[in-house]
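Next come two complexes, and both contain chain A; in the first it sits with chain B, in the second with chain C.
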Partner chain A sequence: MRARIRALTDGAATGLAVLATVLVVAPLVAIFAYLIYKGASSLSWAFFVETPKPVGEVGGGMANAILGSAILLGVGSLIGVPVGIAGGIFLAEFGRGTKLANAVRFTADVLNGVPSIVMGIAVYSLIVVPQGHFSAFSGGVALGIMMVPTVCRTTEEMLLMVPNSVREAALALGVPNWRSVLAITLKTASPGIITGCMLAFARVAGETAPLIFTAFGNVGWNTRLNEPMAALPLQIYVYALSPYDDWHRLAWAGSLVLIVLIVLAVSLVRYVTSRGVLKGAS
Partner chain B sequence: MNVRVPEIRLSKLQFQTEPAQQNGENHVKAVSAEAAQIRAYLLSRGNSAIADRGFRWLMVLCALSIFGIVVLIATQLVVRSKLAWAQFGLDFFYKVFIDPNTHKPMYWDPVNGHFSALPFIYGTLVSSFLALLLAVPLAIGVAVFLTEMCPQSLRAPLAFITELLAAIPSVIYGFWAYIVLVPLLRDHLNPWLIKGFGWSGFFGDDNPTGLGFLAAGIVLAIMILPIISSLTREVMTAVPQSQREAVLALGATRWEMIRVGVLRNARIGIVGAIILGLGRALGETMAVTMVIGNSPEIQRSLLANGSTMSAVIANEFAEASGDLHLSALMELGLALFIVTIIVNAFARLLVWAVTRGEPSRAG
Partner chain C sequence: MGVGIEVTNLNAWYGANHAIQDINLNIPANHATALIGPSGCGKSTFVRCLNRMHETIPGARVTGSVIIGDLDIYKDIKPVEIRRRVGMVFQRPNPFPTMSIYDNVAAGLKLNGYSNRHVLDEIVERSLKNSALWDEVKDNLKKESGASLSGGQQQRLCIARALAVDPEVLLMDEPASALDPVSTSKIEDLIFQLKAQYTIVIVTHNMQQAARVAEKTGFFLNGRMVEFDSTDKIFTNPSDKRTEDYITGRFG
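== the complex of A and B ==
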């Protein structure tokens, strides 16, 4: 009797776990498929080459927003990637096991969880208020700050995967430490670090909240860092809440572009980490 | 005399071509001469102590910049929210202005200068806990299935999907919810809930839009599910295999093994994963802003419109009317910052307590 109850409980628990997985995976896959279907059916050549049209006119695209996003992400990467990689080098090469490194690692993880909108208003008060107007530069800074913790932690992880014998071999040849770190360790881990940066890049590419009060958005072309600039997620946000079907279509297409970017980044990271960092580089 | 020639290859030293033929005193002389040459060569290159130290400090500086970012955010928010703090003090977080004429509470009235954070704190808490309520059982179920029951071939694709879904931007989830989920709630789920559970007061029928706390809670649940489940999975994988084997060896069924051997060992880390999900939900902005309805009110009904701390900032910040309004929004941001820092720090500590030694993989 007891054994039967135990067997039944076991079966019930297994069933519940399977049920939970189905309940989670099915809708998530459905959402994903819906996004791709909607995006693919809305995508057109005009999306990539035209600027938004005024309300009422059919057509138009998000070319200015794509360019804007690229510029904003470029500025962000210029700030976030070098600082993040350097922080990661410190964590993995110099600070192993020290209290400072633990504190930095912990702060980076915590900073990762700070809402992006808080970053947005902090950068607003830091740059937009003194400047007196919204600017692409402030948006780039906000994105850059958000990249730092992610890049830092990924770099550390990838560097930790490099075996110590490689470092020892470099040092035994009399190579100065800084060169051994840059030319040997970092280079060995570079596929992983590059894809890690891409992941941070793709995540930040979809951030809307920090851009609302920094880059602000723009309906026309702009390449000047000192002026408000359009960005893909901002444009999606505005168009999504509009009542016009045509604008919804553009928003779906924009979503698809972001999703493709993310799928690429995530699968690259998966590929590199599963293959092992070392095989391609040594 | 059997002194060995040092195996250093400097192309200009000719003796290295035929070291075997040397012997006796000549040999000793040659060795000392060559050692001097090597020393001179090495000295001429200089040592790299300065470069090394400089490089090291540069890296330390960049690592310290992470503290710098935190301090920078905190000081900016504190400075800009001074005005609201001076005006309202702590009352901001719990007091509500009651209109003397209508006897109705005025929670957030930028025109007349009445600001209270209460409806936003309420909205944030209700939507986040609703999300946890929906997401936690499912996330743990998924994690148990993936770590303990799933066939090997299914594990990688499922893990890949969850990772992918965790990376989809908030604004896209919000867009999807606005177009698909909200009409679904409006036409099907809400009428059913009102009919079945309207008596409880949690499902009032005075909001025909489909927007509201429930919609926000569901979107948030979808968004935090992948995070909670992947962290739970990580914690469960960190439980040593011997624990499982020991429990199985005592004759336990698989579920008993999971309950006693795995879940009980990993419970602190699982709590950490849940709190981390809570931290995400508290600060989530775009998706919530798009579906919660954005009205600063406190209502019992989960189907009513509400607003959250992050949503009101996203909505009103760019066109804030006056310094006090801006300052009040900044103070909301500061509160959000402090709360999420505490929640995240606590959660990280719990997760670290379990996975100590292995670097954490999930974001």
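== the complex of A and C ==
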């Protein structure tokens, strides 16, 4: 009797866990399937190599927006990742318990909650207004600032998970503390930190709002950082709101491409960073 | 070669907790000296004062003098430098988990700026041979992580890592307490061989271990050193009643 009850409880718990898993995965699968259904048919070679056509002409592509997104995300990561990691190192290794650390941690958490449109407006008034024109650089800065809190806090958490015995081992070898932090602690925590950076990257890759007032968008090619630049989310936003069926189709295709590119970028980084990991490393 | 250690009026605190009180002690060069005593008696804190690791803990403080060789380590030299001369092996094996076996041993040298490959190769081999691990790992030096080894092997790897920076003193904080009997006896054999080249201070709460490996033994109780003498004398004819009570198993 007791064994049967135990078996039933076990079955119920397993069932609930499976159900929860399905609930978590279902939206992702649904979104992906719907994007493929709506967008795949509009994908063509032209989509990846051509710039948008003027209103009324059928066809054209988002090549400039794909390149623009890559550049904006590159600039954003160049700003967000180093600043975030440096902040995380300070919080976990040097500032523990200090007032400054508490202030930095609080600021990072607040920054994380700032709506992205506000971030766009802030960068607009800080960079675009003084410069007098929209620019890719200002868009990259907006994305970079949005990456900082996520990168910073995951770096801190991951560093704190490194056992103290590893730090002591390095110190006891006569390694200066700063060197031990960079060469030992940071390296030990690096898988988790890379995950944090990827999360931040994936999150800002789809951001539209901070780019509206900064990178602004561009219907033509542009690779110069001090001029307005197209970005996939911006282009999707504009096309989706337009009254033209052809543009709607391109917006769907753009959404599909955006998601696939994010998945590819994250997978690539994972692959590159997982090479050279030693047998039995933990 | 090992050097002697002269400890005078050593006191240490964790915040307001006076963990080590008025220790005076001369540790002879090229011998193994054991420190015994019940848990919490301050023996670990004491050895951590000998390479200035104690002060890495927030709120920790030390007074008194420790002279190693001819250097007062709290006056004449920076903490990082004294730690290169005084190696340490911890209670739990703590290899660097993301590094290969080779890099673990070379870590102390590489992180202090040595980069000559031939010299490093030589030192890594010699250190692993000195820690009796070479034969077990020589084929996987650069392929396997230090964390992939067994507990006993990891501890010998940590000993090799400490030896690679060529210290004069080796501090061992209960190096075998987390290990099985076979690994423990390997570590003890090792201590026997190593004391020809290094001064060894070993903390243990295994009294038989102290009797097996050490020429001198100190008994710690409540942050004070009750008795320090030859291991024979401590275990057969201690002068202090508390030492006798401890070694005969009346407490602890």
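Observations on the structure shown:
Note that in this section the second predicted complex is superposed on the first by the 221 of 282 C-alpha atoms of A that agree within 3 Å, B and C clash if a C-alpha of one lies under 4 Å from a C-alpha of the other, contacts with A are read in each partner's own complex, and residues count from 1 in each chain.
One rule holds for everything that comes next: contacts are C-beta pairs under 8 Å (C-beta built on N, C-alpha and C of every residue); 3 or more make two chains touch, one makes a residue touch a chain.
Here the structure is a predicted model, which means the values were calculated and not measured.
Once chain A of one complex is fitted onto chain A of the other, the partner contacts of A:Arg203 are limited to chain B, with no touch recorded for chain C.
Of the two partner chains, chain B is the only one that A:Leu16 touches; chain C does not reach it.
In the superposition on chain A, A:Ile184 contacts chain C only, with no contact to chain B. In the superposition on chain A, A:Leu173 makes contact with chain C only, while chain B stays out of contact range. Here chain B and chain C are compared by how many residues of chain A each touches, and B touches more. With the contact threshold set out at the top, residues 174, 176, 179 of chain A are in contact with chain B in one structure and with chain C in the other. The residues of chain A lying in touch with chain C in their complex are 96-97, 163, 165-166, 168-176, 179-180, 183-184, 187-188, 190, 277-282. Those residues of chain A that touch chain B in the complex are listed here as 6-7, 9-10, 12-14, 16-21, 23-25, 27-29, 31-32, 34-35, 82-84, 86-87, 89-91, 93-95, 100-101, 103-104, 106-119, 121-122, 124-126, 129, 145, 148-150, 152-153, 156-157, 160, 174, 176-179, 181, 199, 202-203, 205-209, 212-213, 216, 233, 236-237, 240-241, 248, 251-252, 255, 258-259, 262-263, 265-267, 270.
In the complex of the two chains, the chain B residues touching chain A come out as 42, 48, 51-52, 54-56, 58-67, 69-70, 72-73, 76-77, 79-80, 137-142, 144-146, 148-150, 158, 160-165, 167-172, 174-176, 178-180, 222, 225-226, 229, 253-256, 258-259, 276, 279-280, 282-286, 290, 310, 313-314, 317-318, 329-330, 333, 336-337, 340-341, 343-345, 347-348, 359-361, 363. Chain C contributes residues 51, 53, 56, 58, 80-85, 87-88, 90, 92, 94-100, 107-108, 111-112, 140, 143-145, 147-149, 158, 161-162, 165 to its touches with chain A in the complex.
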